[in-house]
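Heads up, the next two complexes both have chain A, just with different partners, chain B and then chain C.
Moving on, here comes the complex of A and B:
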């Protein structure tokens, strides 16, 4: 038996390994907004990785003498009701918020992506079961379902990740299903089958790698929603508990002070939340332009 | 038309069955022993056994499910642990507050988003178009509770235009006689202009918050489908026939562009109903969302279960209404059905 390796290479990479890179640079040059979003993304990653080492104050240390001070040179973003430095807490919270979003998106990619690929590739009852599960999830307002899941499974950060992943399941399953359904009849899939590859091997080795670009775009587009969802849950008191620094809970703690004029406690974590969601949305749009220019709007 | 409605109704049944199964499974997924949970933290082991038998938790799962469905059919959502009151009653009295807020939020967002989308589509790459793009991208990035707090800070604390965020009416007013449960409508029926204004004042900021949040998908879809409609042949013909630009845009293009916009309303409602919970918490709005949040804090599960079920049933019903509306607007859908 000779080994005939047939890989499903994308047509784009036929014109040389640098074509995709050149295309990316062209898009970035064309669309300065995507470049800007990418810069923001790098900042968020740096804050998530190095956050606890670069903060000016201990994010958990309270100093009642300096409570509720407006932004000043010593405390750039002011201090909260316990005298904790708001800037330090906002930076330190990046890691937790980013981790929640990344792990929930990775989890839903595994669950929804694999289920969707299997549904599109095998069809039949697999397709019906996955479709039925997705429809049932879609029958709920998504945030409400996430609330119910976290309340039922227990009030922990892990369950916030799980709930965010579950409510995003239909989106991933549908995209993966549609792509796999098209690829099922592709030439390289037939070729792989003729070479004696098993169905599961074709699914994981041929079909899955070819829908990766679309799935990566999907992940980046849902990152923002995942952050909003997790912050919303912790805003109503689910998941993260005080005194942990997390953007949603910091806004909740500052909410009472907003109506008495101490705006900075809720404003800075809220702004951090907004900027990161904005960044992921822009980045997702930009990535989609690179991977799939047809869907550009 | 009637067959189409019946067909849509039967299509909603599997969704409803799925919703009931999921809400049932959520209670069974509670950590630890559900009987101990429902008996409360101070219960003795006999009391827990009593609760177990009373709730039927000693029976097999399918019998429990049958019992749950039977209770729901009789309108029994269980009792709240903290107040001992039936959950269904509480949800019934609080639902109008949430519904009034959500509907007004939707009206606000349509009133801003649709004209914005039309203007952006008729003037591509103009300032309005860029505004539309920025607003719709920024709108989805804003956490809804954060928008609410910002509006409160500006309009209540800084400018003093808005009343304190303390529910549906100022303490000096008493609610209008109950007809629909919507204070705006009830006070109008009662002919009480002062009360109407007072209720409207309390509603404006939370409704605006919801409106800003749900504006983005509507504006984007209006712009996209208007662009498609404006470049179609029938619009060119209408223009060539010498009709005024207004007639061409509104009567010819917009009526055809409405369908995809109505389809996105389904997604918008999913956003709105979820965001409603957060907005109710920010503005201390006495709706079913804040009822659920209070229950969450007291780890009282029956109200939360009732809330999730009510929201899901409402969402299924709203989607059904959108489907039927679709048939009313587009005769082709009726013929296909």
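Moving on, here comes the complex of A and C:
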């Protein structure tokens, strides 16, 4: 209803290079939770980039003399059964987990996003083929499907990325398809046709950029799931192999010691996992607010 | 006029909205009073605060809005001080509202009869045994044919006009004392508009109700209201009996609005404010005809478009009898017409008459089913729409779309939108040259150059319309199809855009095919008019002949339904 007030002549203040920045600041200022999520996100990025340089101990160096020590001033998060510093391993693992998540999300965006946009825009056979592929994937229990893919293709990081991407394919394809299907009838698409644009050019140049905001939200929300999926695969012994520092493996190793009271080995990597998933979900909600045109008045 | 105590008294009302760019005053110091049995029109262009005022009365402003000053009294009750529960009791029973979009106002998954029962139950008007009888009675009252059957209808099964009748039935079900109608007929056809407005006025007179009619259409207010309040930018600029306002408008804004409203027996220039109107140039521009002048530019013969009836096969599974209707639906039924070089032809009809389908086929956006489309001697009807996009012929037929917002890519700047056809089909490709051409076009359509780098959401409706026009004329087309180019614009902006279109046509020698539902607008811009109804042409001829001496009954109905200030005397 506020648009009644503002549909008149717009003031010039909304243009300029800092408009996007101002908009982001406005949203962050209004929603403290999103600001918090952005803070956490920055922390994760720093840990991923600078992790190996800021850790207090070598994450792979074992010291049997100091094995299974509870958290202390020397070892803030304690040590594991081989005497490796848990804090160092948790920080060092950030890069690997983050990389797996980012590359699988990028891959699924390329595969699912493009297939979905094409399906929604062209309709007909393209739509049917993409739709049935998505249905087929959805028919499996997703984690079991990911296990199957990694087990069949081999125990490598690349295959974890691929498996996570395939499992998320239907989500992207369906969101992109629904959006493109609406835009197909938009006036500016017809106008582009009158300007002599070919169908493919309209798809990539006009339709795709307009569904990017919603795809970015989708990417942030799946990021958490991708991290969880990668850690889950490692937890059951697929994917990353010990002694590489990885949250899922660390939780799996630590789980054996829970009963004997050495809780810290599983707890800290588990907490790191939880916080990062939490952070990406909050971020997704915040991004949704930013891109929602109804908040743009 | 009202007696001693008006039914509704709004005094010194100020409403503010808090937005990200600070507080915006939507309504400032507004005084409106409505007497018992009186019909008051609130008239203004978009952004004038007319809807906000009525929402403030019912206290249904959204979260960001707030009444900061003033008072609203309804038959002695202070509405600003009333508790939420009191207000709930009042809404629907004492004051009710008819909203602009009837489809949005009805719950799509509930039968209309049940929706009327809901409101009766809410205000415990009747005991539960008589509910359905009462609902049918209410439907009958708003002249819905076969109310007993329609009681079981879902909103999607009813036409737009029918839906609006149901909304009116909802509003009147509890016999309120005040009805607020917020643009009740915008989006409806003129003949439906007349039927709906006549109904509202008759019912309110019968029940002795007062009515507030909120509208942007001066003609509508003139015909149906006792008193008119004109609002501009949140303030009341004039308030008087409608005879006074339409014969002797006092405020300059009212005068400007009056001038800008298209009406019979005026020219295009008369729409503009006196001091801004240039003398009408005589249309001596030579037609851009290259060679075969004399022959019409566009010839359409026996053009047909058929659509398959959706669900026809599924429906037959449940029906014993064979379907009485054919399996295809003819949206356009064997129409023939021609457009000469430099001529503008109006294609007029109500929604669903096939005028947009016709223009899309001529545009080569959709396939035809049968018939011939000849453009400058070439049979373009045979070229598939997909191939047509890249042919040089594409340059020569362009289009201005109905909704300026929807037809611009929200991620493209104005300059990028205008440059799009030049980059794809034009013969200049260097960056500087394209930019120079964009600036030249912007000057031609009167778009300030500094706006070229803005995005559509940073432009006003009129500015967006100019961008759309600049894009359409960028390649110097021979034929431009104008698909209701001013339907989404305020009257004062419409006046400017119509004049711009006329000037461009004179300067560039283009032909126009002007698709519109508004006969008054068509008359101003077109040399010839084609009237369509249910896929067929019912009448075509020179504009003056068709509009002043219509032959077909349908054209006469269409003309009679247009509300017009000067018609008022004839009506009473």
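The rule we apply is simple: the second predicted complex is superposed on the first by the 269 of 297 C-alpha atoms of A that agree within 3 Å, B and C clash if a C-alpha of one lies under 4 Å from a C-alpha of the other, contacts with A are read in each partner's own complex, and residues count from 1 in each chain.
As a working rule, a contact is a pair of C-beta atoms (placed from the backbone, for glycine too) under 8 Å apart; a residue touches a chain by one contact, two chains touch by 3 or more.
Bear in mind that the values here come from a model prediction, so they are computed numbers and not experimental data.
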Next item on the list: Examine A:154 and indicate which partner it touches, taking first as chain B and second as chain C; both and neither are also allowed.
Entry: first
Note to self: I want to verify the contact counts: of chain B and chain C, which reaches more residues of chain A?
What the structure shows: B
Next item on the list: Scan A:199 for contacts with chain B and chain C and give back first, second, both or neither.
Entry: second
Next item on the list: Identify the partner contact of A:144: answer first if only chain B is touched, second if only chain C is, both if each is, neither if none is.
Entry: first
Check: Does chain B (first) or chain C (second) touch A:273, or do both, or does neither?
Finding: first
Notebook entry, point to check: In the superposed arrangement, which partner chain does A:263 touch: chain B (first), chain C (second), both, or neither?
Noted result: first
Next item on the list: Classify the contacts of A:186 with the two partner chains as first (chain B alone), second (chain C alone), both, or neither.
Entry: second
Note to self: Quick check for you: in the superposed arrangement, does A:49 touch first (chain B), second (chain C), both or neither?
What the structure shows: neither
Item checked: On chain A, the residue positions that both chain B and chain C contact, one per complex -> 297
Margin query: Could you list, by residue number, the parts of chain B that touch chain A in their complex?
Written below: 14-16, 18-19, 21-23, 26-27, 29-31, 137-138, 140-146, 149-150, 152-153, 156-157, 164-165, 220, 224, 269-275, 277-278, 281-282, 292-293, 296-297, 299, 301, 304-305, 307-308, 311-312, 315-316
Checklist line | Contact footprint of chain B on chain A as seen in their complex | finding: 132, 135-136, 139-145, 147-149, 151-155, 224, 228, 231-232, 235-238, 248, 251-252, 254-255, 258-261, 263, 266-267, 270, 273-274, 277-278, 281-282, 297
Margin query: Applying the document's contact rule, which stretches of chain A touch chain C when the two form their complex?
Written below: 1-2, 4-11, 13-15, 26, 186-188, 190-199, 206, 209-210, 296-297
Notebook entry, point to check: In their shared complex, at which residues does chain C touch chain A?
Noted result: 17, 19-21, 24, 26, 46-47, 49, 51-52, 55, 61-62, 64-65, 233, 363, 365, 386, 389-390, 394-395, 398-399, 401-403, 406-412, 420-421, 424-425, 453-455, 457-461, 468, 471-472
